[in-house]
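Scrolling down, you'll hit the structures one after another.
Heads up, the next two complexes both have chain A, just with different partners, chain B and then chain C.
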Partner chain A sequence: MTVDQISSVADRPRSTASAGRGPAADRPRSSMTTRRHRAFYMFTSPWIIGFLLLTIVPMAYALWLSFTTFDGISPNWHYVGLGNYRELLNDSVTWDALRRAGLFAVTSVPLSIVAGLGLAVLVNRPLKARGVFRTLLYLPAVVPPVGAGIAFKNLFDQNAGATNGVLTLFGFDALGWLADPYARYVLIMTVLWGAGNIMIISLAGLQDVPRELHEAARIDGASAWRTFRSITVPLLSPVLLFQTVTGVIASVQTIMPLLLAPIASTAGTTTVPQSNYLYMIHVFAQYFALGRYGYASALLWVLFALILIATGLIFKFTSGVVFYNVDPEAKK
Partner chain B sequence: MRHPQAGAPLSRRRFLGLSAGGALGGAAALSGCAMQVSTGGRSSGETVTMMVKPDDITPELVKQAQKDTGITIIRVDFDITKLIAMLTAGNPPDLVRAVGATDAAYFAARDVMQELDPYFAKSSVLRLDDLDPVNDLWRYDGKTQGKGPRYGMAKDFSQDSMFWYNTSAFDEKGVDYPAELEPITYEEWLDNAGRLVQRSKGQTTVFGGSYNGLTKGTLLASMTAAAGGSLFSDDFSRVDFTTPEARKALGWYIEYCRTKVGPSAIQPDPNGWDGPTYQAGRIAMSNAGYWMGGLINTDRKLAEVSRLAPAPVFEGGPRISSCQGGTGMWMPRKARNKDAAWRIFEWYFGEAPAKSRASGGWGIPTLKSLRSLMPAQEDYQKRVLKVQENELEHFSVVAFSPYTTGDSFEALFNQAAPAAMKGDISVDTLAGRLNSAINEQLKRGKEQVG
Partner chain C sequence: MTATSLNPKPPVRVRIRVNRLVLYTVLVVVTGLFLGPFGWLVLTGLKTSAETAAAPVHWVPEVFQWHNFADAYKLIDFLGYARNSLIIALIYAVLVTLSSAWVGYGFARLDAPGKKTLFGILIGSMMLPQMITLLPTYLIFAKLGMVDTYWPWVLWGLSAAPYLVFLFRQFFAGLPRELEEAAIVDGCGYAQIFWRIFLPQSWPVLSASFVIAFTWTWGDYIAPQLLLSTDRTTLAVAVMTSYVTTGGQPVTNLQAAGSVMYVVPILLIFLIAQRGFVAGMSTSGLK
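Take a look at the complex of A and B:
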């Protein structure tokens, strides 16, 4: 580099700095910012509009409905203020359904996460035809719930189901799988059958665990279980948290018991065996079987509030054990 | 290098990502609720929107309607929630399917139905003197079903307390056939079912009989009438299951379920209805009216061993045989193309489709002039027709309350009754619970109607 060149390079910061301070130089930066903002809103507007129209507006409408006796069609509905919420507090069927939904969530979510994670660990190993196993295990997750419901209903039918066919073949009496007390187990089986979804997400998380950490642990003499417990699980903890939160939300909103109900119709909602009569089934019955739009909307708003509280509690109680991959350099 | 950190908060980008995922999921779920119905013309000629089930109007019939009337039919699948949304939005279909027995009074009382008397008065296709009495299910005078203006019409009907039976099953168990034209009692029916049922290792291989009516509301109202009473109070604002007649009907039905001789809420038929199970020879007696002959006649062997029997009676009760369905169509008061809709209504109920239904054996035609088209070529068809013609003499309309839907009644029944079916509570306790739950629903319904 020549002296002239050095001098011209040395001049550059000064001239740039000077331009940066002047109003003329502000203009391009400001227009760049405006363009960025515009692009941001342009790209996010379909989502924002959809969110407003399809989430906020229906929620507000449901909130308004929850203060009325509207049945969807009759002309003489009226406002009842907090009447529906007061009725809800005294409705033992509602509380029983909520208790069952909570119990279902605390049973099915851990079971499905453990099953999904276990499958993910298995198919993450260097197996022959690993892709085939992954596909087969994931397949049930893409079966529509209605199809899954029909398949399970036929499989577990007392008189014509394959499950009882096998039982009777070995000399046992047929069981009423779709009635109490077995119906709850069939419901949990439908959840576990779809654990491929959790497996895929866990698998992605497993493949993100740095290999060198496992190698270091092995050199230090850690057992496979210790490595899994002390390295894999902590690094997977954000994924597990995500699955817990979405799993709890999905499980309290499940309508699978309806698809397994003895009578597949609106009026059949209430034929769901008592152990599977979960909160959303009660909501569905109030809306569509009994036409109590106001009361059902109140039930949904209470559920929304409870889900928010449950999510908050999950975040609070897991804050000390969930590890996020954060790049400290990015904070500087 | 990225390092794990315990308890680190969610980054903004991560939060936005998660929120977007959640919102998209919610939006996707809700988008199913949105719907649009166009009543505008797609080409020359008028357009009529019909909310029906796929079997009501096949694509071939849509084409035929275009050919016969010049009117284009846009078919919307029937869904009560969708219907309510369309009515609320002021954009209803032009014609809607409904069950006359349970829906007609309910919708009429809510002032969403178009009164059709002026249209009937002018029609040369649907003449009042040609209408079968079953169409009275579509009349409502503001208080009682069966009287007052007409709001719709049934496409066909059956007397739904009758039953079919398979003679092979009776022969196999050495049980006498029911008399051809005289009814057996409900007690005899249950006794026969108990003798005909076949079980093995905890499984029911052949149901002795199925007796569930079209809906529990119409079943119990009809059975209470057959016991000589009325399930509803005179103004239809209350039910009373504790009257001797209603208690008799309820007790019989609970006994039928408890003994598990046939499908019920505690012993469901996976097929969802009797048709395929009867065809497979797995039901000895099936509570269904004439319409099931349409299915049975498709299998000659089955038709030859099948018999239609009169509706049972209660000991000492009157002989009545009601229609629990009377499915047909109505025109919403805010329909946009009423004249075109009426033309399609006439065509559907009185012209080619009506004649085709009548000759198919899937129900009794609702125009008396079409009765001659009912199938009577084969011996088994003649036999069935003889029983059916005799049964028509005992036809009666059993009115249903305008303050509840059939679905609501059934949902409340299904909620309370299984405990009694399993023997956990007595029939009297059940009667009290049903009175309480259904009367509360009727009270709400009455307040809504005003």
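Take a look at the complex of A and C:
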């Protein structure tokens, strides 16, 4: 029920109690300004320091490691310059893992956005008990990855899983869902299971679409699909862009393949089926199965660069398409 | 009246009713599919070991093995792991909520040279995959001897989370300017203004932030897996890795029962805190 009332924290009613105070009250004095400046840094320093120590320093450390053969134990490490990066370019396992990760991103992200948007449109209709539907559809998105992994492992079990139960009921052969080549589809389904997240965010966007626009379109005789395509989607496009970017970033760092493997381990080399051996799993394998910190750090930096490029490209290609509705209320 | 019944098309009212029927059917089927995996997890948790291995699937357990839940609780030190999860999640959620509110206030109500750049970095850092920084961070924590302690969560908590900072910033920026003006004229410090005036106003965001941070940490698998030993680790790691026989074979039914007990608290928290949770999620998405 409460999912019904999505209200942005930013548009709470503003108090007008002392609106009578003139501009004279906030005439800046130089000592006040310095105090404000100093206060700004006092308030933001926890994040600044934390960002430096827990993000910049580790990233720099990884960059330095990527030029070495460091393995955490052996004292006989040495600098190899760009050797790790050269090896990476010639490593077919790395390329295959990267290709799989790319394929996973370009399938799972659009599919889950379409699913989430579809659900949002469905539960935005005036229905009885739509609050209940919204809650139930969103619920899987709150299930932690470990819970999702175990649930899907049981659902797609070759012998005792419900999916193969249904397949054999209709006369099909049972499939080895958690092994090659089907494991990749199970992985995508775990992402789709969390589409309620996109549903809720799109729903908030849908409710912001001015009613007059829909009414005008209906009077002009536009079909429901046309209205959706030409009014709803453009108005939702900033939300969809945000979902695309965060979706791609989430997909490259997913550890779901480790959780779907028969025996969970961070080493990840032996138990993850080939088709789920994504780039991040390759990084884990290099780190923890082989202890190749240097090479794994080079892999991480390459991934970082690729994500920057991908994000840049997404913004570039959508800059003409994404429509930012300027809310006149917001300017007040 | 007669005009409508002469119309070859079904009357509008009937068409609407059919449409609604289709809509409800679709919704019920889709909702069923979404609840399916969790329902199957519960059913698996109630089966015997033989039933979880049998080739023709047992849709419903012959006898509901309710004692599986008690067994799952006993096979691993469930309470101990749950306590570890709770401690870590509380440490992180309390600290990160306060630090993010503190930083969010700075970005919302104060300014200084460089603020724009810093805010840009803050927003940009939301897009930095945490897994990329986590692995080298783990190596550094290992060097500093902080592996197998809860210090990493204290440090992460103290350094604020960009996403939550953004939530607080949005909230504080929407409050009226008069709120702090009188206090400034009276010579109150900014820290006092934050504690006495702004923080008490922000209950909706504080609770949303707390719930979000708590569920993140409760759900996190990889950080505790890397940083904590088998005894001090969290429920997420234990449920994933500890339900095995001495021979290393997974105990499917008890693991399912254990994971139900691991997931249900999060579902309950969500159902209770739904409003703030969802408002928080959707605001951030509308950036």
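In this section, the second predicted complex is superposed on the first by the 278 of 332 C-alpha atoms of A that agree within 3 Å, B and C clash if a C-alpha of one lies under 4 Å from a C-alpha of the other, contacts with A are read in each partner's own complex, and residues count from 1 in each chain.
Methods note: contacts are C-beta pairs under 8 Å (C-beta built on N, C-alpha and C of every residue); 3 or more make two chains touch, one makes a residue touch a chain.
None of the values given here were measured: they were computed from a predicted structure.
Peer 1: Is A:G205 touching anything from chain B or chain C once the two structures are fitted on A? First, second, both or neither.
Peer 2: Once the two structures are laid over each other on A, A:G205 reaches chain C alone.
Peer 1: Under the stated touch criterion, which partner chain does A:T168 make contact with: chain B (first), chain C (second), both, or neither?
Peer 2: In the superposed model, A:T168 contacts both chain B and chain C.
Peer 1: Which partner chains sit in contact with A:P234 here, chain B, chain C, both or neither? Use first/second/both/neither.
Peer 2: The answer is first: A:P234 touches chain B but not chain C.
Peer 1: Could you look at A:G312 and tell me whether it touches chain B, chain C, both or neither (first, second, both, neither)?
Peer 2: The answer is neither, since A:G312 touches no partner chain.
Peer 1: After lining up the shared chain so the two structures overlap, which partner does A:P110 touch, if you call chain B first and chain C second: first, second, both or neither?
Peer 2: In the superposed model, A:P110 contacts neither chain B nor chain C.
Peer 1: Once the shared chain is lined up, is A:P181 touching chain B (first), chain C (second), both, or neither of them?
Peer 2: In the superposition, A:P181 touches no partner, neither chain B nor chain C.
Peer 1: Which chain makes contact with more of the residues of chain A, chain B or else chain C?
Peer 2: Counting residues of chain A touched by each partner, the higher count goes to C.
Peer 1: Taking the superposition as given, does A:A160 touch the first partner, chain B, the second, chain C, both, or neither?
Peer 2: both
Peer 1: Answer with first, second, both or neither: which of chain B and chain C does A:V321 touch in the superposed model?
Peer 2: In the superposition, A:V321 contacts chain B only.
Peer 1: For chain A, what residues appear in both contact lists, the one with chain B and the one with chain C?
Peer 2: Touching chain B and chain C on chain A: residues 47, 50-51, 54-55, 58, 72, 154, 157, 159-161, 164, 168, 174, 242, 262-266.
Peer 1: Contact residues on chain A for chain B in the complex?
Peer 2: Against chain B, the touching part of chain A is residues 47, 50-51, 54-55, 58, 69, 71-77, 153-154, 157-161, 164, 168, 172-176, 178-179, 234-235, 242, 262-271, 285, 288-292, 319-328.
Peer 1: If you look only at chain B, which of its residues touch chain A in the complex?
Peer 2: Residues 1-8, 10-11, 18, 20, 23-24, 26-27, 30-31, 33-34, 80-81, 84, 87-88, 107, 110-112, 200-205, 215-216, 265-268, 270, 272, 405-412, 414-415, 418, 441, 444-445, 447-450 of chain B touch chain A in their complex.
Peer 1: Which part of chain C faces chain A closely enough to touch in the complex?
Peer 2: 23-24, 26-27, 30-31, 34-38, 40-41, 44, 51-59, 99, 102-103, 105-107, 110-113, 115, 118, 121-122, 125, 127-133, 135-137, 139-140, 142, 155-156, 158-160, 162, 165, 167, 170-171, 173-179, 181-182, 184-185, 190-191, 194, 204-205, 208, 215, 218-222, 225-226, 236-237, 239-241, 244, 248, 250, 252, 255-256, 259, 262-263, 266-267, 270-271, 274-275, 278-283, 285-287
Peer 1: In their shared complex, at which residues does chain A touch chain C?
Peer 2: Its residues touching chain C are 2-3, 5-12, 14-19, 21, 25-26, 32, 35-44, 46-51, 53-55, 57-59, 61-62, 65, 72, 119, 122-123, 125, 127, 133, 135-140, 142-152, 154-155, 157, 159-162, 164-165, 168, 174, 193, 196-197, 200-201, 203-205, 208, 238-239, 242-243, 245-246, 249, 252-253, 255, 259, 262-266, 280, 283, 287, 293, 296-297, 300, 303-304, 307, 311.
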